Each structure stands twice: as C-alpha cells, then as structure tokens.
Amino acid sequence: MSRRGRERELLRRTLIEQGDGCLSCGACVAGCPVGDWDEGRLDPRRIVRLIQYGIGDRLTELDWIWHCTTCGRCGHTCPSGINVSTLVQAARGLVAHDRSPGQIQQTADLHRTTGNNMQLAPDQWIETVEWMRDELADDLPGLDVPVDLAGAEHFLTINSKLPMYYPADLQDIFKVFHAAQESWTLSSTWWEGTNYAMFTGDLATWEETLRQQVARVHQLGCKVMAYTECGHGYYATVTGLQRFDVPHRFDVVHVVSLYARWIREGRLRLDPDRNPGRFTLHDPCNAVRKATMAGIPSIADDARFVLRHVCRDFVEMTPNRDANYCCSGGGGALIAGFRRARTHHGRTKVEQVDRTGAQQVCTPCVNCFDGLTNLARDHGCCWKPVHLWTLLARAVVL
Amino acid sequence: MTAERYDLAIIGGGLTGMTAARRARQLGLRTLLTAATPGSLPYTSGAMDLLAVYPTETKHYRKNPWEALSELVECEPEHPYGKVGLAGVQRGWEELAAHLEAGPLAYHRGRQENLLLVTSAGTLKPTHLVPHTMKANVQAWASKQPTLILGFERLVDFSPEHVVESLRERWPGLRAARIDAASLLQDDRRIRIAELAAAFERETFRQRFADKVRPLLGGARYLGLPAVLGFDRAATVCLELEQLLGVGVFEIPMLSPSLPGMRLADQLRAELLQDGLLLLQGRSVRLERGVDGAVSAVVWQGSSVERRFEADHVILATGRFFGGGLVATRRGVEEPLLGLALEAPASRDDWHMRSFLGAPGHPINRVGLRTDDWLRPVDGAGAPICPNLLAAGAILGGHDWVREKSGAGVSVATGYAAAERVAAMRGGRS
Amino acid sequence: MKLETQVLVIGGGLTGAGVLRDLALRGIAGLLVERRDINAGASGANHGLLHSGGRYVVNDPDSAAECVAENAILKRVASACVEETGGLFVALPGDDEGYAADFLDAAARVGLDARPIEVKQALEQEPRLAPSITMAIQVPDASINPFMTTVANLADAESRGAQVLLQTQVARMRCEGGRIRQVICIDSQTGREIRIEADQVVSAAGPWVDRIAAMAGIEIPIAYSKGSLLITNSRLADQVINRLRPPGDGDIIVPGETVTITGTTSIRVQNLDHLTTGASEVDLLLDSASQMMPALAKARFIRAYAGVRPLVASAEAASDRGLSRTFTVFDHERDGLANLATITGGKLTTYRLMAERVVDLVCRRLGGGAQPCSTAQQVLPGSKEGITLDARQRLERLRATPPAGEVLCECEMVGRDRVDELVRKLRRRGQRPEPNALRLRSRLGMGSCQGGFCGFRTVGHLCRLGDLVGQEGNEVLIRFLEKRWGGIRPVLWGDQLRQEQLLEALYCGTLNIDGDL
C-alpha cells in the first residue's frame, strides 16, 4: 500500500472507531449551522454514517468539509463525545494542499514565507504603526508604541487585517495599552496573530510558523505572549505548543484576559456611558467552546466581565458561551469561496443576534468580526460587530 | 498545576448534579460542578416525573404519586426514595417545583394527582410537573374539547395523524392537519426543529403562522403542536399564540431532539452560572484518593493542562450508561471513577427481559450503587467505600425510573438530600 | 378461493424464489406461497457470503466444486446484489499446518483460484487482521445481499406471469391415487382458505420441508443445526476473512455493505421457532473470531440473529460439521407421490443450482418439451455489467440522486419517496405496509439504531397515508420494537447498551408506550 493509501486507511480506521458510539439522536444536526445545505444533503450525523459505511476517506472529495466551519458545536452536544469537526479537520489534512478551495492555503503559505498573511514587509508594517501612533499622539501626550523592545513583558500579536484594512483599530489597541500603562511591545517580524494552516490541516506549516513566532518572542525576552482578539490563532498557538512539543519560556494569554486583569487591578478607569445603546456578546468558537473542549483557558468569563465595565446595557444571546453558534466565518470559510452558502449558513446566527435587540455585537475575534459584518450586510440587519478594544478605547478615561 | 479548594465537588451536570449544586449553594457551600457530557436532561420531554407506576410488576398506574410514594418508601427502604425518606422527597420536590413555577418556563404542577400528557404517539404520559407550554395539553385531554393537532410538512419527527388515530376513539373531537412550513419560513431548505423554534420566537413569523392556521381551526378550542415553540422564550411564545388565535395552544412531547428538555437544562445551567458556580465542561475527571480511601482532589483533564481541585466532599451524580456513569462490558457492569465492579446478574442473558416493553422491567436497570443512609456507596459488608463521597441520582441501584416513571423525582430528591447530608457532615463549618 | 397452476412452489426463501424464476424462464408460470414474508428462514439469517468454495475444499470437495462454479455465475447474473470483496484464508499460530498444506492442492483439484500471499501484504490489505497471522491465501469470496437477490428473482418471475402469495401458509394437503390433488392454504392476514390445484408441487421450505412432506404422508429425516451470527455497527473488513483450519465456530468474517457479519456456530436444536442467541454463544463466537481480528473484541455490535440449516441426516457423520453441505433433491415418486419434489440442504451460494436441479426434475415429469435452464445466462433485473453493490458505487448513486423528500431512516439514508414506492408495491400485493415489511425491502431499520428512530417516523408516515388506522399505529410500532428486540438483546453492552437505554427512555419515559393508559 502506498503511503497515501496508508494515510487514508489510518484516517478511515480512526474515523470509524471515533464514530462507533453514534446513537442517531440528532443532537449534532440540531445545532449545526451547515446542517441543511442542499448539495449532498449532508449534516454531521450523515457524515458519521458515511464513515461507518467505510467510505470516510472519501470525505476528502466533498465540498461539505469546507462548508463546515469546524465550530465544534456537534462535539459539544454529542452524548457520545463524537466531534465531527475534528473528523472534518482530519479529512481536510488529506486533501492535497493545492486542491484546497479558495485562498486558505495560499494565505497560510504567505504566513510561512513572509511572517504574515498580507505579505507586509517589516518597513511597511512599521510605517503603518508609526502613522497610526502619530495621529493618536496628538490626543494622547506621552503615548509610546514600542516595537522590538527587548525585555518588555508582553509580546502582542496583531492580525494582519488590521494594518491592511482596519488601521484605526490599531489606535484603539494603542490607547488601551497606554491607559493600562502596560509593559508591552509589538514586533517588526513574526507578529501575525493567526494560523491559517490549521484550517487546511497543513500541520507542517502550522508548526513552522508557530516555531518562528516562538523564537521571536524568545529573542525579545518577553514573558507573556498576549494574543490579539482572535479565536483560531489563540487556539492554534496554545494547542500547537503542546501538540508539536515546542519548548517555550513564556505564557500565552488571550488579550481579553489581560483587559480583565487590568480592570481587576484598577489600572483602567472606565466610563460605561461612553458606549450607549444595547450590546450583546458573541463568543468566538475557538476561544470559548473549542478552548474548553481542548482543555485550555476560555475567554467567556473575562469577556463578560470586561464588557460589563464598558457598557450599561448588555444582553446575552441565547444560546451563549460554549453553546454559541458560529459566526459563519470560521474554519477558513471566509476565504473558501462559498460566498452564497456562507450567507445562507449564517441565518441561525442572524436570528440569534436579532433576538437580543442589540445595536452592537461585541466580537473579540477578527474573523468573527468579518463574518458578522458580512452577515449583517447580506441579511440587511441593523446591528454591527465591534471589537472589545474599541469599546475599551471609547470608555477609558485618561 | 495549581490546586484550588472547594467544600464540595459535584461530578455530573444533569438534573441531579444541578439540583445538588443549587441546594449546596443555598447552604453556603463553596461548590464546583463538572459535566463531561451533555447528559440526559436534553433528551427528556421537559415534563418532570415523580412516580406513576408502582409496583412495576403489575404496571399499576397510580393517580396519586404521594400515596404511591408512601407505600414505596415503606416497602423498599433501599430504593433511593426509601433512602431519602418521604419528608426528604417532599422537601426537595417542593423546592424544585416552586423554583420552576416562578421561572421563565412557568412550570405547573399536579399537586395530589399526576397529570396526563398527550404525546407524539398519541399515548398518555403521566407526570407531575409540566412546563407552561404543556399546561393546555393536560387540559385539552382532560376536557376532551374539540382540538386540532397540527403538524408541518416535511417534519418527519411529528405526525399529527399518528396522534389523532391513537386517541380519536376516546376523543371524538380530535382532528389532524398539516401546514407547509417552507412557505411560512420563506426558505426552502430542510425543515429542522431548531429552525422552527427560532422562527416562532419572531413576531412576524407568528403572525404569518396564525393567519395560516386560523382558517383550519374550525370549532377547535385547543391547538396542539410539536414541541417547537422557541428556545428560552417558549412560554411567552405560547401565550402570544393563544392571543393571536383565541384558542388554547400546547406543545406535544417528541422523541429527539427534545427542545423542552433542552430548555430546562439551559435554564438550570444559566442560573447556576449567573450565581457564580464554577462549571467545568466537556472533559472527564479523575479522582485522587488518600490512604484512608477518602477523595482528596478532583482532577479535570484538559488536553494541555490539568486542573486540580481539592474538595472536602464529593457527590457522584454521573448517571447511568447513557452519560457514562456506569459502563457495561461483556463481563459486567463497572463504575469507572471509583473503579467499582457492581453487582449484576451473572449472565448477560439475565440482564434484560425477553420482551422490550413488558413488566416489570429489565434487571440491569436496577443495577447501581448501593449506599448507606448518608448516601455513601458501600461495599459488600455495608461499609462506605469512601468516607467523603456520596452518590445521587440515577446511578443509584434498587430502582427502575423508566418503568416507575420516577426519573426526575429520584434525581431531585437524592440530589437535594445529598447536598443536605454534606452540609450536615460538615457540621458548623462554613 | 381456488387457484390452479402448473407448478406450486412452497417457500419464499432464495431457493423457492430461484425455482419460481427458473420455471418462468422455461415458460412455466408457477405460483409461490410463503407463510410469512420473503427470506423468513435461513435465507434471511445467514452470513451473506458468496463462497469461493475455499471453506469446503479440504473436507467437502463436492460442495467446493459447486461453489466455484456458482460463485462465478452469480457475480455475473446477480451483479447488483453482489460486492466483489475478495477473501482471505488466514492461519494463526497453532492452527493445523496439515490442513493449510492440503488446502492449496485441494483448491487446484476443484478449480478454485486460491493464491498464497505474503503476510505483510495481507496486513496491508486488511490492517485490522491480527499481526500474528502465519499464512494468508487469497480467494474470490464475495458478499451477497440475499434480500435483494430474492426480490430480483421474484420480480423477474412475476414479470413473466408467475404469481407470489406471501403471508399464505400451507395448512394441509389432499392426496389421492399417488398424487397431491389439492394444497389448502390459509391467508394469515384474513384467515381465508385458498385451495390450490397444481400439476406439480415443489417444496423449497428449508428446514420445514419435513413438515410439508409430512402433510403428504412422507417422512424426511432432517436435523436442525442453528447458526448464530453477529453484526457490527461499522465496516471493519473490506474482504471476507476465513480461518485456515477445519471449519469451526466463529471462523468467518464477512463485510456486508456497511457492516461486518461475524459467525457462526453449529448447535443442534429441536425447535425451529423462537431461535435465540445466548450470551455464552455470543462469547464463544467473539472469542474465536477476535483471534483473527482483535478489533472485534472492542467493536460495537448492533444485532445477533440465528438461522437454521436443514441437514439431511446421515448416520456416518461424527458431528454436524461433518455432514455434507451439498444439497439434496428428493424425488418423492419413490415414496409413492408422483407430483411432489423436495429441495433442501445446500447453501445460499448454490441456490441457483439447487433450483436448476429440481426444476429439471419437474420439467421431466411435466414432459412436453420445456426449454432448458437459462438462469446461468440470463441476468437478473437490475444487474448488468459494471453494476455491483460496491460501497463507493453506492455513494456515487447517492450523490447523483440524493433521496428526494424527507429521510425516514437516517442510519441507512432511506427517503420518503422510496418508502412510498414500497408502500405502493405492498398494497398491490395485498400486504399491509408496516416497518418490518419495509425493512426487508430496503435498508430501513438496519443501521445503528436498528429501527429505534425510523420505526417511529415510519409509523407516523403510514398513519398519514392511511395505511394504519386507530390503534394499529402503536400496535404495529410495539410489534416492530419487540421483534427487533429479539436480535438486539444478545449484544447489549458498551455503546449498543447505551443506544437501547436511550430508546427505552424515549419510548417508556417520554411516550409511556409501555403503559396502559
């Protein structure tokens, strides 16, 4: 048998063993945002059936595994602990990288070769940072935005969409770190706060980009990697350190937990009236549900704690926390190319947000932010997503 | 790996565990709750059973559950109800009933009599506490007034004709009809229970629904629907539909998924979280025990971290086979956390009856942990296996909740009692 | 009611169906009666194995030779019912080496294509095989679906004018002057009598042939050998796996579309009804089969069932396994009854040959130049070159035409449109549509939940169609649940026990269907 054949057989066997406990109860179908897609009429339960048929290795040929946002809700509700999103992830790993749909693999490759998804050279990146800093410095005397500061306590990662598309968000982040008088630094290289290789099951690239970033943190001697508001990047980093057995001399903390700590320590004066209107909170799958399932810290409690300090009217979505619905953009879905499908899959999410009556959805994840923005636009909703750093920046009293 | 200290660790996040947690917090105990799986509460009908059949050998239906309970407690001191005692059961049940009556699901209870619910098979289910959305179900059956049972095209989990055929001889005024949900939803994909529920929570949908159903009502005084009337707002949805249609509206319990069961689980869990309870989900735990056999810590296994919680007492509320509280191999039945082999019929041929549904029930359903009066699991000689560990809920032996129709009652009564016993064991300690 | 026919066939298993079709192809429109539904006997309770003959080469070469020939024929004429899985004979340390040595010679003598392969290769093909196997021989075993095969045979016969009466039991016979004059049957749904007059009567009633013969005053010595089999939840092997040693218990593992079937035992029984598989039999089977495939010891099983092999008694055989597995045609003219023939024994693989032999006899008696047998050439409806039961083909077909309408059986993806089609067919036959009848004709109820969920959905649907009225819905549902229970009860541990606990909780808890309210 060829190596490929052995890989397939291993996948098949693993899938069968994992799926053997399925009781056909349908709990997974009830919560799956992709569970009613026409083509092939597949849903998580049927995926498990295919696996039991002995043709699980053929999952690699189905579009469904790319429609799936790997949100993990199926695994969360399954009484037998079967996590179809994990099985999907395994199947994705068997798809030849040049045959994965959309731009996911290309993005991962760019990250590996240039240090960030957007192919920004260090000077371009620094230029953007300095430009945003200079604008902000007019209002904030004494503002310092360290770059490559050796010995700083916190190494802050940034999603490259920010310098490319949302540079103003950088200012919010600078303002908040300034207000907290934190010891921190950006980096001119390996600063990317994502890991798209996880989406295509490209373990080699996932590991390589992780190791490069770890090496950079070590070079700067930081004690904590403060992970930007991102779900999958945080998840990929914390689980990747364990999975690939990467030695590291720092802790990884999601930036939301850092905000919470600042508030508890009284380092931020906040005026919640500066964020009027009704808010709700979207729990990013990777930083809440999947974090819990992987046994790493979830941001659910801290996100709520912080949100309650920056606004007055906060209404929970139902369901929430570990039972929340995916934003529709997870698992690489934003750039997988199934645009129409994604809009359709997001209906459950849209209804969920609509029910709260909120005007703004606090969304501590860059991909979720984009996912929800698309949904709001495509479904004509009157709410919009907002990052927690933006709410903090507005509420902070200096 | 840091250690955190708790007075009480409850293992199992189902009805038993959550009842124990609520009582424990009322008693001022610093409590944590672990839940490895979603458990069985999401699969229940939403109605809560106290006791309806006793003895199971004769399938004797008991209209008055308290009367049956008194008898049971006297005849079977080893039954979980016997262990708790009639007064204990009453206290625990009363607390829960009052709590659920006052909550968003607006439960309604049967007091001295069991209530009869019409099910999606057109059978009658005796129970004791029903959510508001099923209150009119009980009334409609009791009054036999003209009633329309409505189903949705393409929703295969509910057949109004099945309901009506089974009951129409005793209820001549019962009729069945179906409407096309797809046109109402204005979306043609698969019709799933979750979609319908989300739709019912929208006012615009309810209006469209009412417009479509009104002409079908005829002289019906009640409208029965599959249990899809929303998520946490189902009681309100039900009231609003009643206003729109001018008839009593009710939900009918379904197999799986069962939204009313999920609503109850979500409410209880949300309340505990709101109250500050530490809830550890999604992964199993293991117990660390000292030389005296006492549990010293509960360890929660993450994939990259372990979290260790020291606890003075532990309540094991892990349920039976479905949730993994008990495990059956070809060789026998085991309790995995303590590593106990349980007493079960020696041959698997004797685990189950030859009939699936016949009386008195399957012997394996009575296999479970035997306890002392403190609800601590005991060994063959009657000595507690673990001085600071109690067991509650379906994991206990000596009962068959499925045939007695006592599932919720056993969970609640023993969960409540276990928390009280822990507090008593601690004496004055806070 | 009175019916006349040239040939009456008794027994709706694969043999009877094969006889009816063979007759029809030779221009004789027969009438078949079956007291229950199709494949109610051994045809519905076997391994689903299309033997290469390997199992018999050493000890029963006649049987082996038959299998070699029929294996090739059925792969062609019943291709849509067959999955060409291939098979392996594997030896474990301690197995009789002499047997292994004889195997290849014996195979050559009967023309069986048996090729030894390296153990390493066998393990690559079937990674779940025990790593300690010492020898492996490749043979052309295959997997066959006996329900599809019976249905195809009957359909072909009916399209040529034959008639099939299910739920019709032979009650007694009137014989006179050395012939059967009338066979009196009872329609078990209505209780009405049906009197059948036939020129010739063929009894293909499997292990019940002695009862049928007794009605005509003839004694046939039959021994009943029960064999139990277990079905797993998932497909653990892609080929048939056999033990390379003298035939014993638990030495065959057969892939059956989405599952794996493990068997079998050989236990004498006196009673043909209420066959059960006890825990010790299950353990015996599993302990033995898991020697070849350790994964079986941890696998989830969804069902156990037992079938009875009719063995034509022989004084010389030391054990039942020593009795020849070849078949016997009884020409009862020797017993003084000129128009009765009995065909019994044999196996699934040789059904066509069995039918051919007895139909040859019948045609000789009928005289008048009937055509020769063509069942070895004429392809069954639905089968043609390239169409097989391969799982991948199934996926392709599923993707090309996904079930229209709602899915009633999630485990096996049986849609409402398919069920409606089968309901129409059953109505035409005068048979009441209910879940069990549908299960025999599709795969509804054959998956992990064994009909637990789809039984309920199907009854709901049948109530809607009006096929079940009043209390019939729940009566049928309860009967269906009880019937499936018999097969599930012997494998209730691990995840299958959890499955049943869930279903019992739903049926007795949520629905209170066990109550009398």
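Worth pointing out:
Note that the chains take the letters A, B and C in the order they are written out, and that residue 1 is the start of every chain.
In this section, a contact is a pair of C-beta atoms (placed from the backbone, for glycine too) under 8 Å apart; a residue touches a chain by one contact, two chains touch by 3 or more.
No experiment lies behind these values; they were computed from the predicted model shown.
Shown here, the protein chains touch in all possible pairs. Interface comparison, A-C versus B-C: the higher count of C-beta contacts falls to B-C. A straight line joining the Cα centres of subunit A and subunit B is 35 Å long.
One inter-chain figure worth recording: subunit A and subunit C are separated by 54 Å, centre to centre, where each centre is the mean of the chain's CA atoms. Remark: subunit B and subunit C have CA centroids separated by 43 Å (rounded to whole angstrom). Shared interface positions of subunit A, defined as residues touching 2 or more other chains, are 25-26, 41, 79-80. Within subunit B, the positions touching two or more other chains are listed as 40, 43, 256, 322. The residues of subunit C that reach two or more other chains are 407, 453, 498, 502, listed in rising order. Residues 1, 6, 9, 13, 16, 19-26, 40-41, 45-46, 49-55, 58, 79-80 of subunit A touch subunit C in their complex. The touching residues of subunit C, when paired with subunit A in their complex, are 124-125, 127-128, 233-236, 238, 255, 257-258, 299-300, 391-392, 394-395, 399, 402-403, 407, 410-413, 447-449, 452-453, 495, 498-499, 502.
Against subunit B, in their complex, subunit A makes its touches with residues 25-27, 29-31, 35-38, 41, 76-81, 238-239, 241-242, 292-296, 318-319, 321-323, 344, 347-348, 351-352, 354-355. Within the complex formed with subunit A, the residues of subunit B that make contact are 36-40, 42-43, 187, 189-190, 192-195, 198, 201-202, 231-232, 256-257, 266, 273, 281-283, 300-306, 322-323.
Residues of subunit C that touch subunit B in their complex: 278-280, 282-283, 286, 405-408, 416, 453, 456-457, 459-461, 463-464, 468-474, 477-478, 481-482, 485-486, 489-490, 492-494, 497-498, 501-502, 504-517.
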